[in-house]
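Letters A, B, C and D mark the chains in the order given here, with residues in each chain numbered from 1 onward.
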Amino acid sequence: MNPEPIRIFVTGGTFDKEYDELRGTLSFKDTHVQEMLRLGRSRVDAVIETLMMIDSLDMTEEQRAVVVERCRTAEESRLLITHGTDTIVETARALAAASSFMNAKTIVLTGAMIPYAFGSSDGLFNLGSALSFVQALPPGVYIAMNRRCFPWDGVRKNRTTGVFESI
Amino acid sequence: MNPEPIRIFVTGGTFDKEYDELRGTLSFKDTHVQEMLRLGRSRVDAVIETLMMIDSLDMTEEQRAVVVERCRTAEESRLLITHGTDTIVETARALAAASSFMNAKTIVLTGAMIPYAFGSSDGLFNLGSALSFVQALPPGVYIAMNRRCFPWDGVRKNRTTGVFESI
Amino acid sequence: MNPEPIRIFVTGGTFDKEYDELRGTLSFKDTHVQEMLRLGRSRVDAVIETLMMIDSLDMTEEQRAVVVERCRTAEESRLLITHGTDTIVETARALAAASSFMNAKTIVLTGAMIPYAFGSSDGLFNLGSALSFVQALPPGVYIAMNRRCFPWDGVRKNRTTGVFESI
Amino acid sequence: MNPEPIRIFVTGGTFDKEYDELRGTLSFKDTHVQEMLRLGRSRVDAVIETLMMIDSLDMTEEQRAVVVERCRTAEESRLLITHGTDTIVETARALAAASSFMNAKTIVLTGAMIPYAFGSSDGLFNLGSALSFVQALPPGVYIAMNRRCFPWDGVRKNRTTGVFESI
């Protein structure tokens, strides 16, 4: 498998939540994706582009359109999106609906249940997983969570258990 | 992608090295793979089978034959092997040489440069990566490291940099 | 220094905040103090007693009175209290005001700026620090933070920097 | 308690052992004490001076004499030494034997059972503990381990359990 260039779009989500020690709350500062790739000794060209740093519950339709538009115009044919899990399925659907360019690009969305900055985060595992799926899968829109990879129209987040499952 | 059952063969390697606080040295006890899957919220059936707990520099031809034999007899068609990086290529070659069953099984070997028990390990990233490749790739023998996946006969470990690279 | 028995009163605070992965917020479950003592290989008898699990901004006067009362009735003469930093000074003041028993007991309050469950917490450092001060200091009420130990009436939290400083 | 200036002498020991990923062994590079103080939000002036970076089993009498001499000439009256646990008692004894300056200085030696670079290290706890004892105790030579503080002539390392105990 040739290491084709990959573009990583950062949108925030649990992945990048931090603890604000002055206010005692969770907030966003910078993305941790660069550091995670370094920790994973990831050696292939991957461009990281931060589109927004938000909780996906707060993502507006305008912002969602920005994600779609950047996926459309990106030169790379392998795209990874870090995203909050609450509306990750909606964004995947919006990407699939913009179908003109979907024949040519493999887009994998992924998220985390625990912020990377926490010791016990699933983020590093998920990022490693998503980076592999985006290299290995044919064109299409996918969601990679809990070690699995789902087609965009075959998955939902079970809000009681926090687990992504097939529909 | 259907979550086909996966079998994970543990052989030790840097992945599972621990700090022996009484002797001040590195040693092996139990595998951390179970805990790593739990951290990654991995939800698909994966059977973990510990074959040995050794530094791969110490792997004998008898032990290597055990790995091959278990891959041959395993019911699952998707197999992941955790392995020390120093002789991971040799084991991949031995698996490929036992070619009778290679048409039907996807086998991914992976390792780590830093023990999982260390805070800065690449192990969780690599395990997430390897678990994805083993699901997504067609039958064959592969080595997944540094976020890439190499065919068994197209890779070597650069001993100066510690990086796996194409040949 | 003889290892006199110590009683640790847990009241919650940042120390024990956890990430609730289903709701994406911070919350309290159980205290981490036991695990922290284990990690610190703390070998002396320390009884851990959870009085409450709250953000100190939410501590009522009734709850503060409970802390004072338990310090009064505790058999041990060396007491440590884990506490949220926002009102730790108020609780110290309440303890000092209940002065009848202050001649006989060394009471050290401590907290954390980052939850222990986060990788980058100052909690383990502060707990080690407070446990030492509570053994070494004469009777009185103290606040141990940022590696220093302040008398109860000689300290305030600088809300802009998050640092405890002398007054 | 006024925050008198403290000098920290680094000699290596388990505290500072790192994993050498190219050779798969433990080794020394730079000290982690600076980073540990930052994590502990330690706010008082502490000068860090690296004297050597060695396993204490390898400490020669010449090197031990260097430690004693630097303690003698240091301007600060509160000194902390990070040290391997295997010969920490010998160094404490050497310091006490150089008794001319012992009436004026509080010297606390501490170590760790697990390297700081490991996620599960007791180092941060011990450093917080030792920094507190060195501020709070009267002049003398002490060893702070496992949350306790022992006079130099009242302690030994139990090599079977790894625990420091009174004699």
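The criterion applied here is as follows: a contact is a pair of C-beta atoms (placed from the backbone, for glycine too) under 8 Å apart; a residue touches a chain by one contact, two chains touch by 3 or more.
On a predicted model such as this, the values are computed, not experimentally measured, just so you know.
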Query - If a chain touches subunit C and subunit D alike, it appears here - result: none
Report summary line: Averaging C-alpha coordinates per chain, one finds the centres of subunit A and subunit C separated by a number of Å equal to 39
Query raised in the report: Quick one: subunit A and subunit D, Cα centre-to-centre, how many Å?
Result: 45
Report summary line: Residue ranges of subunit C touching at least 2 other chains are 113, 119-120
Query raised in the report: Draw the chains as dots and join the ones that touch; what shape do you get: line, ring, star, complete or other?
Result: ring
Query - Each pair of chains that touches, named by its two labels - result: A-B, A-C, B-D, C-D
Requested in this report: Report the residues of subunit C in contact with subunit A in the complex, numbered from low to high.
Outcome: 14, 17, 19, 21-22, 24-26, 55, 86, 113-115, 117-120, 159-160, 162
Query raised in the report: Inside the complex, what are the residues of subunit D that reach subunit C?
Result: 1, 3, 36-37, 39-44, 113, 120-122, 124-133, 135-137, 144-151, 163
